[in-house]
Amino acid sequence: MQGLIEFTQMIISGVATGCIYAIVALGFVLIYKASEIVNFAQGDLMMLGAFLGFSFITLLGMPFYLGLMLALACMALIGALLDRVVLRPMAGQPVFAIVIITIGIGFVIRAVVISVPGWGTETYGIATPYSGGVTTLGGLVISNEHLAIIGATLALVIVLYLFFRFTMLGVAMQATSQNQLAAYYVGVPVKSILSMIWAISAATAALVGILLAPITFVHVNMGFIGLKAFPAAVIGGFGSLPGAVVGGLIIGVVEALAGFYLPEGFKDIAAYVLMLLVLAVRPKGLFAQSVAKKV
Amino acid sequence: MTLFEGRNLDRRFGGIHAVRDVSFAVEEGEIFTIIGPNGAGKSTLFNLISRIYDLGGGSLVYDDRDISRIAPHKVVGLGIARTFQNIELFENSTVLSNLLVGRHSRGGPALWQELLFTSAARQSEIAHRERVEDVIDLLDLQEHRDARVGGLPYGIRKVVELGRALASQPRLILLDEPSSGLNPDETEDMSYWIRDIRSQLGVTVLMIEHDMSLVGMVSDRVLALDHGEVLAIGQPAEIMANPRVIEAYLGG
Amino acid sequence: MHVPMKTSYNEDIRLIRQRGTLVWYALLALALLAAPFYLGEHHLSQLSFVGIYAIAGLGAMLLVGYTGQVSLGQAAFLAIGAYTEAILQKAGVPFAASLVLAGVMAGLTGAILSLSTARLAGIYLAIATLAFAFIVEEVLTRWESLTNGSLGILVKRIQVGGFTFDAEWKFYYLSTGLLVLVLWLMINLLRSRTGRALTAMRDSEISAQSLGIHLARYKAIVLALSGALTGVAGALYAHRIQFITPDQFTIMASVELLVLVVVGGLGSLHGAVFGAVFIVMLPQFIVLLRDAFGISSTYQAGLDAGVYGLLMVLFMLFEPHGIYGRWQKIKLYLDIFPFYRKATFRRQRMFQKSEQLR
Amino acid sequence: MTFASRLKMVALGALLAFSPGFGAKADVQGVSDDEIVIGTLLDLSGPINFWGIPVKNGMELAVDDINAAGGINGRKLRLVVEDMAYDPKKAVLAAQKLLTSDKIFAMVGSMGTVTSAATMPMVLERGLPHLFPITPAEMFAIPYEKLKFAFFSPYYDDVRTSLKYLIAEKGFSRIGVMYQDDEFGANVLQAVKDQLAETGLEPVSVTSYKRGATDFSSQIARLKADNADLVVLGTVVRETVGAMATAKNLGWHPAFLISQAGYAPVTAELGKDAVEGLYAGAMTPIPYPDTASPEVLAWIDSYKAKFGDAPNVQGVVGYIIIQTAAMGMQNAGRDLTPDTLAAGLEQIKDYRNIFGTAPLSFSDGDHLGSRQTFLAQVQNGRWVALTGFMHY
């Protein structure tokens, strides 16, 4: 019985962590689907979003939800700007160029955060209206932070689904990500669509950053969690939004279980081992449609 | 003598039946052309022959040998070379270097000999170079020898790709739309080269072509394909007069 | 520009094709040979690092620049080389043998890695190599009986027979000599069949395959060679730093090598050397910049990250062919002055195309 | 004969004429009639620069104070700081520069275990002193070498001391460990194992995490499943808070103990309720302004005046390291050489500074300043000392 409770407890915290990976992975996948750019700066965008949230909520004393919304809006703007200024000229460039340029963007973001007075390299916290409490369910204990993360992920997934399924803009975005040229020919404003996708992606990054803040705090290295979201996106198939969510959850749960049941060290590499295994069997991830080059 | 034979070739992609039950035979020394409207399955057929796609059904017989299951990179070693519809050259290398890659299937020294560039490696380089120079002479590519392919005009790149396939000393060459993107002059040149390949080098040609004048000029026999099925096989004039073929083109 | 008259095919595969270049290289060799006479120890030790980084960079260049396989896991090869060297030295294996074995070990790991990555391309490969590097780092941390785990290994100086590499100039000659050797091997490889097969794969896998290039086999070869070179650099690194721990070989080291090849100039051997010079000199350059603008060292952290990041972004945006590409343009500009046109180096889409359709 | 080959001949001649690598040496590098040059390698731009920058401030303040008071035996002290970003490669290059271009007399207070381990041999090989690296690793004093001196109580001693006290006084018996999987964490783990072995015990649960990890749920769950009543954390600041918050969220409330690494005001500030009751071993008390002695208050003011910021414990560390090194130089007298400096440092016995650091002593054969620590606890959001200095 005790064993079962422990197992369930591990699953729950795995799901919560997995949700974090899932949202970061969603950010990757949104951009990748639309423009074939893999954004290595996603983690740093998340960090920047958290710092903005910290500034609005803790430094300026705004109400939590107002600060959250404001941070999301700022990040959306920054995302769109990044696309416009840095990434648009890179369209059609090879993978490593994109890899390098987005890593470079990550560095610049870090530099900015380090240099802003009041941010720097220290660690900060964000007080949320819900933090501190726990919900007990039989022998299970779930913290409010975890509940908030799971809830926000669910909400985000639903909103994104409705958006892509039912709004004109969402449909146009889908069209763009499937075939840019064709979308362009039927009158979709491809360029501004791409900027908007970057905006959405950066905003989701900010959301994760602020959700994470009560758990891991706000600091300049918090973006490294993005490295764990890569396996999530890859396992899901990199081009698939549901894949990113499923991949994130798989990674989160596997990590939690590996940390609890396997010897030391397995927790940290479980995600990567799992990813290599998946890739060995399916070189394009679990959810990828097979597209072969036409020759 | 039959050099190559496709027997009941079949291939589906999801719900699309791209090639269905296609059979034909190419005689040694022949110029055999496949025609058909867009989406007829011509390129798929080529990709089946060069083993880029696996067969859904049927078999490939080359030189009395079943090659339906061999690895794609081994095809050229058997003497079957190909070109691509949209040119797949190595853009960042020179013409010479592209043609030398064409010699890949003809072997070379061991890796350690290459690393140390032993005299065996040097000899091998020179031997391959001599073969490549023959191709350069044949196709009049002398002045472009050291040019980077990415900077050359389309028509020349088309010729380079033909040369690269020839460098492997094939017995059978697959040409995927050799005249696409060429102007009338270049197309005419291409038709001479195709005939030269056959007459001077004794290479059998299997090609896909849209330009009917070129087809009529060089082909010995023509296969018309539509919706993945064989409409007709025969002399060029005969096929072009075939009502089903005409209908496929006009109605397609 | 002058076009030399060629009289035999041999001339096209010569090591150095033009007489003029030969003179320059001879002068460079002389300058390097005499460096200990006119450079202080500080600069010599920087040159030693340039040698080490250039060797590792050549490994990365072969993989990324010549074969188009993006690797974010080069640090793993560096680590395997360093640890193999450290462990073998402890076991009393002579340096000549342990150096080779360090390369072989890293090369073997590369070949094994290729078993699971041979079918991968583009970003999938990049992330798979990233995963591989994390796993190697973890194994080095956990296999305490062999690696002493996180506590690290102290590495003694190199000893060959009775000769100890205990002074800066000795190590400098060693690393520079090895760099020259590696460069020679690379040139040989690139002017041979295998080298052409690698660049062919970079530009079009499908047509490389149709010309008889066994993709999986050549991907294994290139990963093994790249791993081996980086491993040799790792062995030298271990001796240079004299203390190795797993956390010296993190993703940052991999990124640094990637930056090296990109900034140096993709697809060029010169580029790897230029890139190594750049990576070693950059911190000093940043300090100069800091002092010139009177920035307090409190902001050093931001300055470092900022310069690093901006350089990556700007190089990618404006000079994707790296330092070597820029150098070639300057040279051509001087050669053909005043006929230079802006469009001479019209920007081309480089090496890879859309990977969704590969 | 070509120009190139002639040049080659000249170079060969030069090769025969000199033996490279041996420049002319002054009597004692870095010591002139009116100046002593010392160097240090700090992380000003890397992952632990929240240590490096205040340490640098503290060091510079100490140098100013010393020079304002007339210097050391008539010589002014000059400090050259180099950034190494916590990267061994950069550290080696920067050390090279300090040793050969700035010609420092001694390396003082270099930061980080890995980086100092990589650079210490370079200093010692030149016959120069390597003083007080900012890392509580034993290797900087042991095995004994004439010119290497360490300041800090090793983590190992610190954890054993605290653990021994807690087991004896509070009756903990089921000890669990969660450590960072690097050299620091390994020291903590070893200390726990050895201390428990004294009483024939073993840790009931051992778990680890990767540096930079943010999720400790499975580690804490395992410790909870193994029913530990005291958890020793080989963690720094964020991980300490993260681990304790995770435990609290699981409704589990064991006691927690950390090493000096997490003993900082920020731990209490970040963790709030979650870290109440946390134990830590420490060597120098945190200078809270409202309880500080007048000397310390004056020091806090001069720090604020110079850097515009309230000092933290890192600033104190930078200050006392330079002060202690200067004391050794003072004791060495006017004839300052590495040997006389070593002898001067060895004269320091039971030295207590204004900050209340554990008493320092050096002797011929023992160059580790102190192995003593006191036990502190977070109470109402600040660190309170529970004991005097002790050793296991």
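As written, the chains take the letters A, B, C and D, and residue 1 is the first residue of each chain.
Keep this in mind: contacts are C-beta pairs under 8 Å (C-beta built on N, C-alpha and C of every residue); 3 or more make two chains touch, one makes a residue touch a chain.
Treat the numbers as computed from the prediction; the structure is a model and nothing was measured.
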| item | value |
| --- | --- |
| Shortest walk length in steps over touching chains, subunit A through to subunit D | 1 |
| Comparison of C-D and A-C (more C-beta pairs in contact) | A-C |
| Chain with minimal offset from the mean of all protein Cα atoms | C |
| Most widely separated chain from subunit B, with each centre as the mean of CA atoms | D |
| Intercentroid distance (Cα basis), subunit D paired with subunit B, Å | 71 |
| Between subunit A and subunit C, centroid-to-centroid distance (C-alpha), Å | 32 |
| Subunit C and subunit D, separation of their C-alpha mean positions in angstrom | 35 |
| Geometric centre distance via CA averages, subunit B-subunit A, whole Å | 47 |
| Of all residues in subunit A, the ones touching two or more other chains | 121, 264-265, 268, 294-295 |
| Two or more partner chains touched - positions in subunit B | 52, 84, 88 |
| In subunit D, residues with contacts to at least two other chains | 49, 181, 210 |
| Contacting residues of subunit C [partner subunit D, same complex] | 23, 26-27, 30, 33-34, 36-37, 40-42, 45-46, 49, 138, 141-142, 149-152, 154, 166-170, 237, 240-243, 245, 247-248, 280, 283, 287, 297-298, 300-305 |
| Touch list for subunit C against partner subunit A, complex | 64, 68, 70, 72, 116-117, 119-120, 122-124, 126-128, 130-132, 134-135, 138, 141-142, 206-207, 251, 255, 258-259, 262, 266, 299, 301-313, 315-317, 320, 349-358 |
| Complex contact set, residues of subunit A against subunit D | 2, 6, 9-10, 13-14, 16-17, 120-125, 132, 134, 136, 141, 143, 145-146, 212, 215-217, 219, 221-222, 224-225, 255-260, 264-265, 267-268 |
| Contact footprint of subunit C on subunit A as seen in their complex | 32, 36, 38, 86, 89-90, 92-97, 99-101, 103-112, 114-115, 121, 227, 230-231, 234, 238-239, 264-265, 268-269, 271-273, 275-276, 279-280, 283-285, 291-295 |
| Residues on subunit B engaged by subunit C in the complex (per definition of touch) | 50, 52, 71-77, 81-82, 84, 88-93, 96-97, 100-105, 108-109, 111, 114-117, 121-122, 124-126, 128-130, 133, 150, 164, 168 |
